[in-house]
Structures are given as structure tokens and as C-alpha cells.
Amino acid sequence: MVKVGILGGSGYGGSELLRILLFHPGVKLELVSAGEHAGKRVDRVHPNLAKLTDLKFEGVSDPRALAGLDCVFLALPHGQGMEIVPALPSNVKVIDLSGDFRLSDAETFKRYYGREHAAMEEQRRFIYGLTEVNRNQIKEADRIANPGCFATALELGLYPLVASGLATGKVIADMKTGSSGSGARPAAGTHHPKRANSFYAYKVFEHQHQPEVEQLLASVAPDWSSTSTLVLQTHSIPVVRGIFASIYVTVKEPKASASVGELFRDYYESEFFIRLVEGSPDINWVKNTNFVDISLAASGDTVIVFVAIDNLVKGAAGQAVQNMNLMFGIDERTGLLLPGSNP
Amino acid sequence: MVKVGILGGSGYGGSELLRILLFHPGVKLELVSAGEHAGKRVDRVHPNLAKLTDLKFEGVSDPRALAGLDCVFLALPHGQGMEIVPALPSNVKVIDLSGDFRLSDAETFKRYYGREHAAMEEQRRFIYGLTEVNRNQIKEADRIANPGCFATALELGLYPLVASGLATGKVIADMKTGSSGSGARPAAGTHHPKRANSFYAYKVFEHQHQPEVEQLLASVAPDWSSTSTLVLQTHSIPVVRGIFASIYVTVKEPKASASVGELFRDYYESEFFIRLVEGSPDINWVKNTNFVDISLAASGDTVIVFVAIDNLVKGAAGQAVQNMNLMFGIDERTGLLLPGSNP
Amino acid sequence: MVKVGILGGSGYGGSELLRILLFHPGVKLELVSAGEHAGKRVDRVHPNLAKLTDLKFEGVSDPRALAGLDCVFLALPHGQGMEIVPALPSNVKVIDLSGDFRLSDAETFKRYYGREHAAMEEQRRFIYGLTEVNRNQIKEADRIANPGCFATALELGLYPLVASGLATGKVIADMKTGSSGSGARPAAGTHHPKRANSFYAYKVFEHQHQPEVEQLLASVAPDWSSTSTLVLQTHSIPVVRGIFASIYVTVKEPKASASVGELFRDYYESEFFIRLVEGSPDINWVKNTNFVDISLAASGDTVIVFVAIDNLVKGAAGQAVQNMNLMFGIDERTGLLLPGSNP
Amino acid sequence: MVKVGILGGSGYGGSELLRILLFHPGVKLELVSAGEHAGKRVDRVHPNLAKLTDLKFEGVSDPRALAGLDCVFLALPHGQGMEIVPALPSNVKVIDLSGDFRLSDAETFKRYYGREHAAMEEQRRFIYGLTEVNRNQIKEADRIANPGCFATALELGLYPLVASGLATGKVIADMKTGSSGSGARPAAGTHHPKRANSFYAYKVFEHQHQPEVEQLLASVAPDWSSTSTLVLQTHSIPVVRGIFASIYVTVKEPKASASVGELFRDYYESEFFIRLVEGSPDINWVKNTNFVDISLAASGDTVIVFVAIDNLVKGAAGQAVQNMNLMFGIDERTGLLLPGSNP
């Protein structure tokens, strides 16, 4: 049994880690922290878990006290992980769900996250946890920077086209997310009277997931990266869960949908969590699950890739557990056979 | 032209007053205040009004400066009206949308609103603005305490049964409201990720609209009041606008639906804004309007009255303007022929 | 391993049975029928199940062919079960999710379901599957009439008050349900443009779940039944899943909330799936789960019981599996530790 | 007073025409047809209009009987207008909300609408009713083909960039619509249990609004049309009203947002119904109104235009009335000062 702790268990990332890890047959969940709720029962903050756990939130004043754990998930606000990681006992494996350790370039980090990075030395030890692409490195890693939610959907949609050298020129990624992506704290953008009937764009030309996508694609296809541009635009959907990506790619020569479909099957056929679907994916069918639903269409030199994921599962906690499974030699699917529902 | 001001124009009550008064042919809207937004264009806070007004919010430091107005609407948080009203020039008519002046009993006020009343002397001048019941007094009034949203739906649903002496015993009022009833400020109960899939009860046995309903019913039927009990229970619907009331009344002798229908027709036939409908009303058909849709059913000694209103229109700003029309001798419907939409 | 079949696997009841039974460690799902989809893969109708099952829908022309099964779930439209059950091999246990076998009185059945009952002889073999109340009979049963969704919520909310003899007089049950209760077939009442902003009452004084509640309560408290009235009124919430019941009960003598809470603890303390919560339950916390969240309030002689369930789980498929577990000597919770999610 | 009729008054286009025309001070609404509802009161189909009209639906067996009208709005399903128009009295002006008369090429019509055109001779008399672009022709027209909802948003977003010659190469138009765009008839895609939590793409590379946009752009910028490609992709949002367009344009030389903003101000400054907004538009602020909210961003050679409209107003009935006003010499805004609401 892997002895596991969650730092930051009161937000939505922590909530989903709890939902998964409490039922993971290879895990013993030993600790959940949430500074502001220390001493409170977990099910007071997450009433969905009543009768399913008696855990209480703890405060963790000294990270060195975590030495008894095998693995720590960090589900903390951006910026807190880079304070804590250097102080963690070196035997404890780390999976960070925040953006703190995804970017290898300090300047880029500063530009997109608005602060100096406090632990770039530590960053070098981190592997970018896009499971389907970096699986072998993840198996050997003891530090994982778990990808962002938009980044996961976009990278998995683009990877076959870019890695195969088929894509060229500008990529337009029109991204949409549900309100849970904004976190558990009430704010103007998630005020129900406004959000319920809204659809709007935000973070125009400046979303912080852009550089991690560029970095990942550069690692798998340096050529593409030097000659192409990525336009990533995020929008808000009035739904709670789900990311939907519409990715418009120009290909070097006109392709039929069938041949693009074949390309994706070559790359993803053996991936359990990737489902190549007909027509369009729908966030409705991936909600609460770790699945990535992808469909494709082509006309002339344009290929459209549609991707749907649950932002909190494959886009956060689910992929984190998928990575943990790999790091500890457990079957990748363990604890993640979460069936979606209809309706 | 009636020269009008709105104090508190940045919340939802103020927003609806603006939507109505800007297009009211008998009104000149001279001033809208919102302390925190003073100097800002109104359409920065209410983007729906862009191109429809060039008004800016003002700060009002001294109420005496409002002497040039004929009428002031107070759309302020509870507790602020009772500070301002005593300082208002006596020639200015006042319509208060808050709960400050609805209750004639200081103890009851304190119990339900959690504070001492600061201006009970002023309260005596206020008429309770339930238009269809208190129309004659409203015509002569210069101070109106506009009813609460739940109270409006419940009072109009109960009035014929209580005033006619048909009701007896305990009344169960199961009330449901959309999220706009919680106001424009983000809060835990209106955080979209939670609210969008929720339904729950709140303020069990302690809603502040209960005493104003009891007071109104006592005024029209003292007997009922002394022998009966009102159970008012509020719930939250995951929709933006609308109140739906299911009112369960025991009647003195078994009634058929037809005869109860006749009773309601007797009371409401000439009321433009009350629509007696077949089947069930639906908040969908009254949204954005000043209409009150009512239907009835009876079986044995039980009568159920269903009422649907828009909480921000008939439940707040619309009824306030309806009252203003009466106070200034204008046709009651003026400015209020807001058609709902399908869908 | 219990060999199980589902007749009627394309609707929402069938969909939920699939979601649960495919992952039930004590079950081998051998057959799913859906006449109109015979031959089609299950995941074409339920895309949420892609990668999780390779089952195909079958047509079942002769019920006698099911003799190899241990248990059949009927998730068919009302009226079909009573045609099929008499032809089923007698060794096959049956759990019927429809209303066909809940009522022991043929006249009442005809009045509420609008047709003659075709198999009243068979009905006598059926046990009403309200697990927490009829557990011992269910363990011995080979025919279960699974309760209706509204009935489950209402019965579990009323049971302690009625069985203890505390309730008296008229009970008002104000019930609300999400749109999935209307089934998988598009209809006027579930057309998104209308439903999304609606709230309305339906089936006034005539809901078909009323007689099964009366029958259950009569079985546990004949006295209550002969002196009391139940008013059950259903409403539609613009949300997909969830039933919320607000049950207003008059008690024989004034009670404090604390003592009513104690009563419910006495009845339900050892029930895993019943959670007594503070404040109000919320359908948000039970969605996708088999839990029943209940809270209580009392003032004077009025007790309000609030109940929240997922209409498709505890209100249908979940309770059906809970009953199957009992019938086959399996731990009642097996396959049903479905954690809800936040958000 | 313009004497007006509506053919097809029971759908959502007809519903919105009613909402607007009943309150239009320059219009006398003489007839509303709806074959299946002939003889029924309009407010039985549109309960939002109860107390606001006593009109009844009529059946129109012979279009020649409409000779007494000045103007007929056709809000019929695609394909019916081209049967009726040839039989209409020539003195009656026609505004067709369907796609029947938008395309001047019979082959293109057949390809996108799946049927032969029955009245191409009549089509030559029709002016494409994109008010802001074709205003002068509309003033002189007696036959208007009212633009499609997606087409309106896309054309108004692209027009300044294309007409000015700034745009080059491929345009990506990522379009999203609410459920009312699917019409008033229940269908699988608008079944609430599915739609409420969904987001998906549909009509991949084949939406019927594509050719009308290409035709309009070709008319204002033949050069662009011969060298560029338009990729129009539609998606479904789980909201009732609103279209949001994210339009990605490559410009001939890198531009700053400010200079693109200036371009749009040059084109649209005097347009009452076009509002150039900061940040992003939001369908929340245009719902129920005739406004078109547009914002812009630029980086390198990429310009993004965001457009929000109400699909049923500016995207259908509102623009139709705007065109009628022009055709009859009435101020363009008359009857269309519909304020949106907050919330």
C-alpha cells in the first residue's frame, strides 16, 4: 500500500483527489491538510463524502514531518508548492497539481505567473506529467508537474499531428471550460446569476497554460515549434465540469478525415483513457471520468480536432493518480475506472 | 414628468429600476447613486444598458440635496434606509424596496432583522405597498414600504382565501426562489459550481418575510390571524429569476376547484397584472415581467394555490414602479408592459 | 457470482443499472435487452460506457430463454413488466423498477395507471422493496417491486414519525424532481429552451406514487392511515438529477428539533445509506449516489422533514441493487459505494 | 400604421416577432398564422403573452387573401417560404426569416438545404437583409431574405476586416449557440437531461450558413473571396439564448489591438445596435435584445474578433423588424429598444 498525503484538500483539486484516493485499492490515505480547516472533519467541507471517510483536515507546519509518506499530492494555490517542495523529505515522491514546476524557463514563469520563481533548482527534477506522452519518464520520476487542464486537452489533441510532422503554420485552439475551473472560492465570474446565462472569452492572448503546451510540443517536435504559432483562447461555459477544445490545424497536404483518423489510431490505440469517437465528443460523456474523448474532421488542408475532458479529473486529480500509479508500479487504471453517467 | 432618483443603483433591485424607469414615458430619471461606483458610467456596472443611457452613478452625501426630486426609490441594503429617510426633504415621496419600514412592531423588526430599528416614528407614515390589496391607501401615500419578494407571492396567493374567511387552521407555504434573490454580491450559496446542480432549503422557521405576511393578513382578516398559523419555508432553485409558491390551505368545508376559481376571479378579475392560469403557472412565463400567474386546485378540504412571479419585478422593482404610478396619478401599467419571452 | 440480466437497458433506469452492475464485484452481467437497439453496442446508446463494456443489446423474444440467469432487473416502461413476469422461469429472481407490481389493490392500480392489471396473481408474490423498512422480507423474497423515486424519498422521511405514532392529521409533501425523472425520450416538458428557466407543478392531486406511499404507511401504522391524509404534490426543477422533499407534519404534541432528531437517530443510526445532516440536505451532495440525506426542524406542533436523494440511484437503480444484494446474501453496500462529487 | 402579418407564429421566430410587433408603435398586427393551431388563442401557445394580446392563430389557405397587408413576415420552416412567396400579392412586402431566399445559386442551395429550389426567379428580387451592410438596398427593397443567426454574427464580425482588405488567408470562425436555435420542437439534442451538462460540435464542415456568409463577403470584397477560405464550425452551449463567435483572422501585417479597434470604430461608430466593448462580450448582456456586442484583440498577425448576439433577436426577429422599419421609412430603432437585463 502506498502511503499518501494530500496538501490542500479543501479546494476542487483536493476534493477530486479525495474522491479517487479514498477508494483506490493500492493506497492508504494518511493525511489531508487544509490550513484554514485544520481539525475539522473532511466531510464538513465535502458533504459528498459523509459516511465514506472519518478523516480530519490537518495543519502541516513543518513539511519534514511528512517523511513517513511515500507520496504527497500538492493541490495548493499557485505559488505555495515552490515554497514547500524544497523542504520536503527527499524520500517522499511529489505530484504537484499547480503550475509551479511545469515551466523550465524562469523568465517565462515570471511573465505568465506574475512572480519570481523561488525554486528553479528543484524544477529540474520535475517531469511533466502528461501521461500518454511522457509515460516512460514518469515511471522513473519522483517529482511530477501535473499538466494544466487546458494544456492536457490541447496537448493530447495536437500531439499526433505535431509529432508526425503533419501540422504546419498557425494552430488555433478555441478552448472552453466549465465554472469549476475557477476554483472553490466565490468570485464575480462564478456568481450564479451572471454565469448561468453567460458565454464569454477571457485571458485573451495570455493564458498561463500556453507556455507549457509550447514547451511540451517543442520537446516532441522541435521543428514544428520553431516554425509555427499557437493561438490559445479560453472561454467560459455555463456548466460546472468539462473542457472542450476545438483545435484548427493546417496540414502540409490535403487530408481526408479517414487518414487523419488512422494517424490518431496509430498513436492512441493502446491508450485506455483515450477514446476516439465518431461525430463530436461531448463533455456530457466524460464528466466525472478520466477519459479523453477525441474526434476528427478534415477538409482541404484543414484538420479540426475536438477534445473533451473533465477538467478536474483527466485535467487534474485523475491524471495525477494515473501518474502516481505509474511511479509506484501499479496498473495505470487502478482507482480510475470511474464510469460517467447517462444522463 | 415625475422627477425621480434611485439610491442604490448598483444592485439587482437598482438594475431593474433602471431597466424600467429609463423607458417610462412619465418619468425623468435625474439621479442614480451608488457610493462605491460614484463617477462611473452606469453601463460599466450594467453592460446591458450600454447605448441606452449616459447616466453616471453619483455619491449622495447629504439627503437634503434631493429636494428637487419628486420621488426617490431606495434600493439599498437592509438597514440603510432607516438612516436616510428621516433626513430626506419632506416633499420627496419615498418608495423603499428594503425591509426597513415594512413592520410596525419594533420588537418583531429586531427579532427578524437582528438590529434595533432607528426610525420607528417614520415607519408610521409608511404604507405597505402590496398594490392589489392596498391600492387606495397607496394612491394617497407619500411613503411606501415595498413588499418583499416572497411576501408578494404569498400574500397575493392567500388573500382571497383569508379575506373571504374560507381558510382555517395551518397554512403551509413552500416557497422557492432563483439565485438573483441573493443579490449581486458573490457568496457561497451563489457560487456557480455548487448552485448549478443544487436544491436546498434555507432559513428554516425564520425567514424575515414571515412577519410582514402575518401583519398584512391580520389587517385584512383579524380573525384568521388569531386562530391560524403560517409555516413559511424557503428553498433555492438553480435558476436566476423567479419565485414559485406552493401554498397549502385547509378550508372550512370541502370545495371543488371550480368554486375556488370563482372566488379568485371575484377578487382578481379586474387586476391587470394577475393572470389566473390553468394547470400550473411556470416561472418561465413571468420572467422579466410584472405579472403574477396563479392557479388553483382543490380536493377535500385542501386547496393548493400555485403562484409564480419574477422576484425582481413584481417582487421588487416592478411593484415599486406600479406604486409610483398610483402615487402620481399615472395609469398603473405605464412602463410595465414588459412582455416576457418564449423561450 | 450472481448471473444477472437487465430487460430495458436503453432508458435511464437501465443506464444506471449498467453503471452500477458492470463494476459490482459479485455480479456477472450476462444480458442487456433493448428491443429497438437489438444488435447495437451498449456504448452507442450510453457513450459514457465506451471502453468499459463490449456488451451488445439483445432482443428477448421469449422470456423462458432467461432460465440461465439468477436475477432479472426489469427497467421497462410501466405496463410491460406485468406482461413478461408471468412467463419468466420461476427460478429467476425478479426486481421490477416499474410501478406494475407495487400496488396490491387492482382498483387503485387501474385508477392511477389508467389500465387494468394483467397479473394480480403474480403481484401477491412481490415484496415492496423499500430496503430500510422491509429488509427482512426482502432477504427472503424472489420478487421485488422496487419503490418509485418520489415514494422512496417520502416514505423514508415519514417513516419514523408515522411508525412512532407521533404524526397526526394532514401531511403535506411538497416534492421536486430533476428532468431525468421524465425519462430518456424527448418531450415538451424536457425541451431545454423551456425547461432550463422553469419551475412548475404537475400531476396535481393525482401522482401515481401516492397510493404506494399510503399502502406502505398503512402496513407499518394502520392507525395513522385511517385518521390521516397525505397531500403529495410534485414539481419540476430545472436540474438533471435529484429529488428534494419538504414534508410538513403535524405532531401530537409540540416537539423540539432535538427530540425529533433523536427519534430519527433511533430509527436510522445503523443505516449506512441514510445520513442525518445539519441545516438542509442538498441534491448536490447526493447526486450519482445511493445516499439519502435527511434533516429535521420543529417549531410548535410542526415538524419539517427535508429529504434529498438521486432519483435514478436510491430512487431506482441503486435501491434495486441494494435489494439484489440482500436477496443473494451479499453485503448490502456492495457495488454501491459510489462517492458523490464536489462540485 | 403598417399593416403586418406573421406566417408561422408558433415557433420561436414567430414568438419573438410577436413580442416585438405587438408593442411596435408604427405597426398594426393584423394576422398571425399557425396551421396546426388555427383558431387557438395566441397566448395558449405563448403564455408569456397572456393579457397582452387577444389574437388568435389563423390558417391561411390562400396567400392571395393577404392582399390587405403591407408586409408579411415569414417565420416558417425552411422550404415553405419558396412555395408561398410566388403566390403572394405583389403589393405585399415580404421579409423571410428562413434560408429559402438567401442564396443566389441554385446548386449551392441544393447542396446545403438538401432540396431543389422551387422559386429561383423570385429569389432575384430578394435583398439580403444584413442591415448594417445593406441598408441602402434594404430601404428600396420589397423582398428581404433575413440573414441566418450564425451568419449575422460572423458577417458583422468579419466585415470591417474583409472590406478594408486587411484580412488574408484562412479565417477560423468558432461559433457557439444556445438551444433555442434548434427551434420549438423537442428533439434529442435539446432533451434537457442531456443538453444541460453538454458542450459539443455539430454540422462539421457543412453548416448551411456558410454559403450565405461567403456570398455576402464576396459581394463586398471579391478579392478576399477568391484568395481566402472560411472555416465555420458550430457548437452547442447549454444555455437557451445567445450566439458567441470567436473569429480568428490573419492580417496582412502585424497590428496592434488599438489600430484594429480604430478600424471597427470607423465602420460601426454610427451604428446604434453595434456596441464595441472592452474585454469580451458576453451573451448575458445581449440576451433578449437587438444589440451586437463586439470586442477585438490582436497579437502579431492574428486578430481575434469576439461577437455576441441574441440568436432570436438580432439573429432573427429583431433584425427582421429593423429591416421592416427601413422599408417603410420608420426610424430603424423603433420597437427595438428592448433593454437587456442584469441579471
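Order of writing sets the chain letters: A, B, C and D. Residues in each chain are counted from 1.
The rule is simple: a residue touches a chain if its C-beta (ideal position, glycine included) is under 8 Å from a C-beta of that chain, and two chains touch if they have at least 3 such contacts.
Every value quoted in this text rests on a predicted model; they were computed, and no experiment measured them.
Simply put, of B-C and B-D, more C-beta pairs touch at B-C. Set against the Cα centre of chain C, the chain with the most distant centre is D.
Chain centres here are Cα averages; for chain C and chain D they lie 46 Å apart. The centroid of the Cα atoms in chain B and the matching centroid in chain C are 39 Å apart.
Computed from the mean C-alpha positions, the centre of chain B lies at a distance of 37 Å from the centre of chain D.
Residue positions of chain A with contacts to 2 or more other chains are 12, 180, 184, 193, 196-197, 238-241, 282, 284, 342-343.
If you check the complex, the residues on chain B that touch chain A are 12, 178-180, 182, 184-188, 190-193, 195-197, 238-240.
Chain contact summary for the complex, chain B toward chain D: residues 12, 15-16, 19, 22-23, 46-52, 180, 184, 240-241, 272-273, 275, 277, 282, 284-286, 288-289, 291, 293, 337, 339-343.
Residue ranges on chain D touching chain A, taken from their complex, read 170, 172, 174, 176, 193-194, 196-202, 204-205, 229, 231, 233, 235, 237-242, 244, 246, 248, 250, 279-284, 287, 295, 297, 299-300, 302, 304, 306, 308, 342-343.
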